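Chains: A, B and C, in written order; residue numbering restarts at 1 for each.
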Amino acid sequence: MITAALNYELLQQEGLETSLLEISMGPHHPSTHGVFRMDVKLDGETVVELRPVFGYLHRNHEKLAENMTYLSSMPFTDRLDYFNSMTNNWAYALAAEKLIEVEVPERAEYLRVIMAELTRLVNHVTLVGFFINDLGALGTPLMYAFREREKILDLFEQASGARMMCNYFRFGGLRNDVPEGWLDRTRELVDRFPAFLDEYEQLLCENEIILSRTQGVGNLSRELAINAGVTGPMLRASGVNYDLRKVDAYGIYDRFKFRVPYTDGDTGDCYDRFMIRMLEMRESVAILKQALADIPEGDIIGKVSKVFKPKPAEVYGRIEGPKGELGFYLIADGTTKPYRYRVRPPSLINLTVLRDMCLGGKIADAVIILGSIDIVLGEVDR
Amino acid sequence: MTQEITFWVLAVIAVLGALVAVRRRNLIHGVFALMIFFASLSGLFLLLLAEFIAAVQILVYIGAVGILLLFAIMLTERVTGDDARDITSRGSFWGWAAALAVLVVLLLPAIQGADLSQVAKPINPSVKALGQQMMEPYVVTLEVLALLLTAALIGAVAASQGGEKTKEDTDDA
Amino acid sequence: MSFELIKDILLATVPLLVIFPSLFAFTTWMERKALARIQNRIGPNKTGIPCTRIGLFGLGQPAADGIKMIFKEDIVPRGADKLFHLLAPILALIPAMLILCFLPLEFPWGKFISGKVQAFMLDSAVIFFFAISGLATLAIFMAGWASRNKYSLLGGMRAVAQMVSYEIPLLLSAVVVVMMVGSLNAKEIADAQTGFNWFVFTPWGLAAFVIFFIAALAETNRSPFDLPEAESEIIAGYFTEYSGFKFALFFLGEYIAMFAISGLAVTLFLGAGDGPFLTSAPWLSVVWFIAKIFGLIAVMIWLRGTLPRLRVDQLMAFAWKFLLPLSIFNILLAGLTHFALDARVAATSDAILYSIHAPHTHSGEANHEHPKPVAGQKEAVMGALHYTDKNWMGAMKWFSKAALKGHAQSRSILGWGFGIWAMSLIVLYVMAKGLDNVSRSTAKPREYLYAE
């Protein structure tokens, strides 16, 4: 892995005058997924040094939340990982619900699962599209992915009024019930989704170029992944069977039968990360089918006042977000506002291993490794 | 008439290109000036109806030698060309002397008024004739040259492979 | 300079300068539209006739793009080498336009050219083609270097490495055709293929065509070999710092180069202007030629919409470990089979010809009886005549007719011919497969575990 660096030193010792090419990739770069920057030093095409630089999208999210009531920062969580506003909402609601004892109605629990799994589909579909785009397939897989994403975003819009910034969850339930016929439309979508996955797998998963570009690139060992606190599909691609939906069984996830795909941990390369997401989508579809079959009628939100004063306490609510463990850590001091509000962003923590994965690779590898980590700068910088 | 104009234009470009190639401090500018020189030389060959030689001139000198020079420059740290370090002109006297000597040697036959027709028989410059010449009287020369070049190629590959081996050794150690 | 000469020069060059840039405009539209359809989009559909709502399927898009390009600000980076920055797009366009002259396009107005302009008749047109198309590399390096931008520089370096590497299989695959025809003259190569004797129909020609096309993709920086302008890695590569008309020139140069190299592929392997209905309408040859070019370009667009990009090392490995050995082997095989076939078939066909000539040559002998004609003799003779004309397709047709009538020698000729063709196809396939196994990466789909 550090061969390239050694090689470079060797050249220096022999007295050949070579110099590294230092490139600042970003913040405006087509494939840094937002305003992320990598300071890369190249020996020819080989990456010998990489320094991630971020903070260009810092919006004071945490401090803002500490200066407003609990509920009013719910819309702000949408903007964290703006692809997955539903799961962000849920993680925050989960944390706050630990502060105030409240019963979440059955129908709301089911809808939460449905929304979260739809969000997972949205995220993974987009990620796979962008990932192949980073590999150089000019837009085609991305447009196919966006076709499916749009259908799901239509559903979100019908339910919450917004396509991306849904702001749909409330402490103790959901903001409003889904409109009439929504569940049928969702069932239809879920029934048709495996066909899309089949098409995608057929087109991509055995493509010679994709295989040779992604396999053996950006290896992440199981030890490093655990030590760095990597979570989500990336951790499972490195061979750790760890999924909060199974571990915590938050919400009503214990009622559904689904499997967690993971690897044997031999490689943990970009191909594994890509494939784990492809496989996870099938499991999400399985969950969705069960949830849509079992969903009862009933209330949508428990009895909670909009402004409340919880007893002083420290709580941590976490969910298995599409990108990894998304956690909200709240310290209540008895007022209407949190004393401390802290987000555990999976994007940022997964990003910490970027340098280790990129060193010794080619510059084209660095781009797809970044793509396979799946970051959203709204969440990295907050 | 047209030919003479073309010749003079090409000749002037060639000389200017050569001069710029020698005099420019900027390596990349120098290489490109050298290529202009090569290109106008190829034009001169065309003027002599030696179209195959002209094509080979472009193919080998611009396409191969020029690119090789660019490769070499790319491997140096002056690739961006912003290095304004002075190239010292020590020994320029000997350079001029050598150039003059070559010029004199080249002009010698003209000065002596020697009859060149004995040396330079008119040849058929067509590709077909050239090919037949290469395949019939000069086939041994061609094969020996080819062998030499192949050996050089394999040698280069072996040398670069050897370098890699030492790298692996250091990795193991 | 006489009026005649000027007229000739204009007639020879202006069509190239008009037709191909207009085809470029059409191709950009075609590419946008095709890519859009591949990607579930509609593509340009509003830019038709100005000030109306007539869309014309977006056919006005190239014009709109052109106008936009001309009026855009021309930005030169502060640290850039201004002269080289200006020269690079021009230098990129010149060789591309220049090599168009070497294509054996027979325009109907060609007969008005008095013959003083010889550009089309160059004896070593194929070599010139490669020599001059190689200059595009320099333009790209120049652009990459002069922009004083590291992405540009990286793109330039990639371009040089890639184009130099792929020039070799490109040249070597063309050598097969040059060998078969025995000439470097594009016109002669085109003439050798009239009557559907396209070289792509021979096994070695097919292999060479595939190698040529792949290498041509790399030469023109098309997907999946578009590393020098890889958007997701190095922004736009060597033309990152170009805007406005200079960018348009690069764009134009790139597409003209695509036309030129497809044109060469058509000339070498796809029969140049050969096609049906040529006897009644000779002007169709230009149409066939350009239609074939567009066929190849359509494949390029299709590939662009389909494939991801290779990595630098894989790109180089593919050129040096797969294409190069295969093309060298192809030359060897072409030589062997062609001459083996030729020796065997030529002898038999000579025998056929001799069998009819013999009575006439010995007509002086009084007692000689005229031999009774064998069934299918006439067809076999026609075949042999076509064969000596190097018209393989015609020969095949007549020999098959003769063979159907039970002519033994024709049968043996056909057997030998098809046997050797099938053998060489199999050998080529095995060779390609073997090289593939040696040089390909070990990547293959994997199995994954599931936790309940």
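Following the convention adopted for this analysis, a residue touches a chain if its C-beta (ideal position, glycine included) is under 8 Å from a C-beta of that chain, and two chains touch if they have at least 3 such contacts.
This structure is a prediction, so every number in the text was calculated from the model and none was measured.
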item: Pair joined by more contacting C-beta pairs (A-C or B-C); value: A-C
item: Innermost chain, taking as reference the mean of every protein Cα atom displayed; value: C
item: Geometric centre distance via CA averages, chain B-chain A, whole Å; value: 58
item: Inter-chain centre distance, chain A versus chain C - centres from mean C-alpha coordinates, in Å; value: 47
item: CA centroid of chain B to CA centroid of chain C, Å; value: 30
item: Set of chain C residues in contact with two or more other chains; value: 153
item: Touching residues (chain side chain B, partner chain C) in the complex; value: 2, 28-29, 32, 35, 51-52, 54-56, 58-59, 62-63, 66-67, 70-71, 74, 79-82, 126-128
item: Touch list for chain A against partner chain C, complex; value: 21-23, 29-31, 42, 45, 132-140, 143-144, 147, 205-216, 241, 243, 246, 259-264, 271-272, 275-276, 279, 362-365, 367
item: Touch list for chain C against partner chain B, complex; value: 1, 79, 81, 84, 122-124, 127-128, 130-132, 134-135, 137-138, 141-142, 145, 148, 153, 157, 160, 164, 167, 183-184
item: Residues on chain C engaged by chain A in the complex (per definition of touch); value: 35, 38-41, 150-151, 153-154, 158, 223-224, 226-227, 230-235, 304-314, 440-446, 448-452
